[in-house]
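The following pair of complexes shares a single chain, chain A, combined with chain B in the former and chain C in the latter.
So, the complex of A and B:
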C-alpha cells in the first residue's frame, strides 16, 4: 500500500468579519473566529503504481488533502501514512520519495533559466552526475524542451513553464507524485502532451500519481479510479466509468432518415419515445436500455443514411453531478 | 555538511546569475550601501567635532568600530538578510510550500536561499579599509586578539541573524507581520553605536534580552582593548541561547503554518 489515510480531519481557525468600515473597527477590538472544517473524516487507500483522480469543486478539500499527504499541513485528527512514513514528520528519506506540482504555483526561479534551477535541485536531492543526466535527458526528451532549457523562465510560455515545473519535480525520480491541477490554463495540445507524459511515466517507473484537475478529459484519460470529495467528505471512491454511468445513464443517439417517415409513423414513435427531429435527423437522449428497442423500431422503418451513438460529454455529466451530488450518491 | 555547502554554492550561483541580469539593481544596491556608510560616517564625524571620547571609545576606536559594524552588516546582508525578511511573504502567500517539501533543513533553506551578491563589493571594500585603519591607529592588536576578533565577528553575525529570524518567525502566529523589516532595522540601529554610550538599564538590556551591543561592540573591544576575552565568552553564551530560542520558535511556528489556498 502506497498511501493509507484513515479518518482524516483538518480544520482551520478563520478570522471572520462582515463587510464595511464599522465592522472593520469592531472586529479590530473584538475579533471573531470560526472553525472551517476542510476535511471531515476521509478514508483513502492508494496502491503502488496507481493513478488516482481526486475530484471536487473549488474548496472541496482536494488541495488540503494533497498538502497533508506531502507533510505541509498537520492533520487535526486521523492517521496518514505514505509508504509507512508519517508525512507531517517531514522525514528527509520520505521527502526524497515524493514530489508535488502545483499548477498555480512556481518552484522555478523566475529570472534565471530552468536549467539553473534543475542544477540546484540536483544538489538538494544529492543526485550523482549520472543520475541527474539520465533523469534530465529522459524528461527533456519526453517533453521536447531541449531548446528551452537555457531560456529564462519568465520568457517561457505557460505550457513550457509547466513542463519545466514537472521536470524540476521529477528529477529525483520520486515514487509518489502529487499533481494539483497541472494542466490549468494550458491549451489542448499542451494538456494532451502532459497527459501522455503522465501515462508514460506511470508505466515506465511504476510511480504512484494523485491528480486533481477541473478538466474532466484529464481524469477520463488518466484515471481508472477516482475519489470525489464534496465539502470535506468523500462521496465516492471507485471506477470513474461507473461514476459517470451512475450520474448519467443516458446516451445520445442520432439517426438520419433517407426519407422522412409518414406523420402516422412519427406519431407512433412520439408516443413511445422522446426525441427531436430536424433536417431528417432524429436525436434522442435516452437511457441505455431503451436504445436497442428504439433502434430496432427505426431500422424497421428504413435503413438510415447515417447513425451515431455517443455518451454525453463527461464535463456536462460532472457539472450536473456537482450541482446536486446527493441526488446521485 | 559538505552537501549543505554544495547547496549554498548552487544558491550563490543562481543569485549571481540573476543579479547580473539586472545591472542597474546590482549597482543600485552598492550605491545604497555607500550612502548608508557615509551617513553614519558624517554622523560620528560631527559628534567628534564636539567631544574627544564616547565612553571608553576614542575617535580612532569609534571609526574602527564603524567599519567593523558595516562589515558585520555586509556579511549578514550577503548571506541572509534578503531571505529573512522574505519569510513574511512566504507564509502569507503560501510560498513556503515548496521549501518544506525539500529533503533539507527548511530553516537553512529559507535563511540562505537568495545570496545578496552585491554585498560582496562592500565586503571587499570594508575589510582592507579596516586593516588600514587599525594599522594607522595607536592600537596594536596581537595575533590572538586578531583570531578572537574574527571568531567574535562571526558570532556577531549569528546574533544579528538569530535576532532577525526570531522576529520574522513571529509571522507564523501573527499571520502577517510585514513590519518586521522596519522593526528589526530600528532595533539593530543600537548595534551601530559603541556600547560605551549606553549606561544603566539600557546597557543591561542591550547586553541581554536585546543583545545588540554584542554584535559589533564586542568584536571591537576584542580587537582594540584588553578586556575583550570575558566579553567574548559572554557573547558566545548569549548567541547560543538566542540561536536555540530562534530554532525553537521556528519549529513551533512550522506547526502553525497553514499554507495558502491555491
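So, the complex of A and C:
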C-alpha cells in the first residue's frame, strides 16, 4: 500500500490562560482561544514496502501526521490517500490493513494477560484460527516472550509491554505500520530487539513502515529515507546519509605521533589546518575533502603509532541541526 | 453480522474475565442494593406506623416494598457509572484512539463493556428477582405474559439507559468534562425514575412533564408490568413509546458522536 499526502494542513483551537486564581476566574467567563497550526502544508509520498523515518523535535507535527494517516484526526486542509482510501472515513477494510503503535498509549487490557487481548484482536480482525496461530507464533518467537503471555499486563516490564503492544498491533499482518516512538524508555537491548524485528518484518512481509523516534540510532539503522518536519513544515525529504552529510560534512580524525614533531613543523601544520594536540595525539574536526591532504602531510612527517577516522555521532549532528534547522536547508 | 456479533461477544467475555480478577470489588456493589432496600424499609415502616395508614396512593405497605425492591434492582441493572467514566476519560485523554484505529464500533464495544461490567449483578439481582414471586406470589408476575413483558421492557430499558449515557458522554468532545452531567442524570434517575418512590406519588403536573421524557421507561415501566400495576391494554402504547425513545436517543447519540469525533484532538497519546 502506498501513501500520498498533498498540501496537508492541520490546525487546533487551543484554550489558553495564564496561571493563577484571578486568571482562572476571568477565563471562566471569557475564554480565550488560540489557533495552533500543527501542520502547514505537508507533501509526502511513501512507496509500498518502504521504511520512512519522520524526524522533528517535540511539537514539530510528527505525531499529528501519523494520527491523520491512520484516520484519528481529520485534516483541516489537503488530501491524504492510503491507496484509494481516505483515512478519516475509517473504512473497515482500510483499518484491517493498517496499524499504529504509540509509545505511551496501549490497546492491551491492563488487568488481564496479553494473551486475552490478542484473542480479542483475533475476533476484531476476523482472523481464522490458522492465521491467528501462525501470526502469533511468529511474533512471540521473534520477541521471545512466550513465557510472559499469561502474565497480567500491568505486571510486565516496560520493554515486555512494548513488545506485547507491537504483537497486538501486528497480529492481523497489516500492510502499513505506524510506529510512534516505539523504543521510548527502553534499555539498549530492548531497543535493539525492536529494531531487529522491524528490519525482519519489513523484509519478510514487505510492510510499509513509518517511524518516529528521538533515538537517532533507530533512524540510522532502520531508515534509508527520512522526512524532517520542523514547526509543521517539511524541511527535508530524502536519504538520511545525505542529510547527515549536508548538516555536518566534517570528520573527526585522531593521529598519534611516535615522537612529537618539532615546533617549526607544528607551526607549519597550524597555518594549514585546525587541530588540537594533547599527549602526542593530534585531533581535528575537518571537512572530509581536507582529510586526505592532511593525512598525507602527517604521514610525511612520520608513521603514526595509531590513527583513527570517524564520523561525528549522529545524535550530535541532529542536535546541531534542530538547534538551527534553517542554517542547513 | 455473525462476525460482528463475535467481536462484541469477545469483548463481553473479556470484561467478565477482568471482573473475575477482582472478586472483592464485584461483591462490594451488592451492599449498595441491600442498604438501599433496608433504608426504604425503615423509612416507610415508620411512615405507615406513625400515620396509622394501611395504604398510600393505592399502595399497601407490602406492595410498596415490592415495588421499591424491584425498582432498586432494575435501577442498579442499568447503572453505567464505570463505563461512562471510562468513555469520558477516553475522549479527554486520547484513549479513544485504541478503538478508532481498529475495525470496531465504539458504541457497540462500550455496550459490551456496559453489559460485561453489570453481568455479575444481572446474575445476583436476577436471583433476587426470581425468589421474590415465591415469597410474595400474589404481588408479582401474575402470569407468563407478565414475566415476558417485564423481561422485554427490562432489556429495552437497559439499552435505552445505555443510549442515554452514550448521548451525554458525547458532549465531552466539546466540554471535556461532563461528569457533573452524568451525576445529575444518575440522581434524576434515582429520584424521578421510581427508585425512591413510585412515579404515581409525584404531583400530576410533574408526572405530565415526565411523560414527555424517557425517564418513566427506565424503571417504572418494567416494574409496573411485573407488579401488574399497568393494565395489559396499556402495554402496547408503553412499548411503542419506549421503542421510539430508543430510536430517538440512539440517533441523537450517533449524531453527537459523529460531529464530536471531528473535533476530537486525540490528545494525550
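Rule of thumb we're sticking to: the second predicted complex is superposed on the first by the 328 of 329 C-alpha atoms of A that agree within 3 Å, B and C clash if a C-alpha of one lies under 4 Å from a C-alpha of the other, contacts with A are read in each partner's own complex, and residues count from 1 in each chain.
Keep in mind that, in the parts below, a residue touches a chain if its C-beta (ideal position, glycine included) is under 8 Å from a C-beta of that chain, and two chains touch if they have at least 3 such contacts.
Values in this document were obtained by computation on a predicted structure and should not be read as measured data.
Enquirer: Do chain B and chain C fit side by side on chain A after the overlay, or clash?
Expert: Clash.
Enquirer: Considering only touches as defined above, state whether A:181 meets chain B (first), chain C (second), both or neither.
Expert: first
Enquirer: Quick one: classify A:204 as touching chain B (first), chain C (second), both or neither.
Expert: Neither partner.
Enquirer: Between chain B and chain C, whom does A:92 touch in the aligned arrangement: first, second, both, or neither?
Expert: Both partners.
Enquirer: So chain A touches chain B in one structure and chain C in the other; where do those two contact lists coincide?
Expert: 12, 67, 70-74, 90, 92, 95-96, 98-100, 102, 104-105, 107, 109, 111-112, 116-117, 119-120, 122-126, 152
Enquirer: Considering the complex alone, what residue numbers of chain A touch chain B?
Expert: So the residues of chain A in touch with chain B come to 12, 59, 63, 67, 70-74, 90, 92-93, 95-96, 98-100, 102-105, 107, 109, 111-112, 116-117, 119-120, 122-126, 152, 180-181.
Enquirer: What residues of chain C sit close enough to touch chain A in their complex?
Expert: Touching chain A: residues 3, 6-7, 9-11, 14, 17-18, 21-22, 94-95, 97-98, 100-104, 262, 264-266, 268-269 of chain C.
Enquirer: Could you list, by residue number, the parts of chain B that touch chain A in their complex?
Expert: Result: residues 3, 6-7, 9-11, 13-14, 17-18, 21-22, 94-95, 97-98, 100-104, 106, 255, 257-259, 261-262 of chain B touch chain A.
Enquirer: In the complex of these two chains, what residues of chain A are touching chain C?
Expert: 12, 67, 70-74, 90, 92, 95-96, 98-100, 102, 104-107, 109, 111-112, 116-117, 119-126, 152
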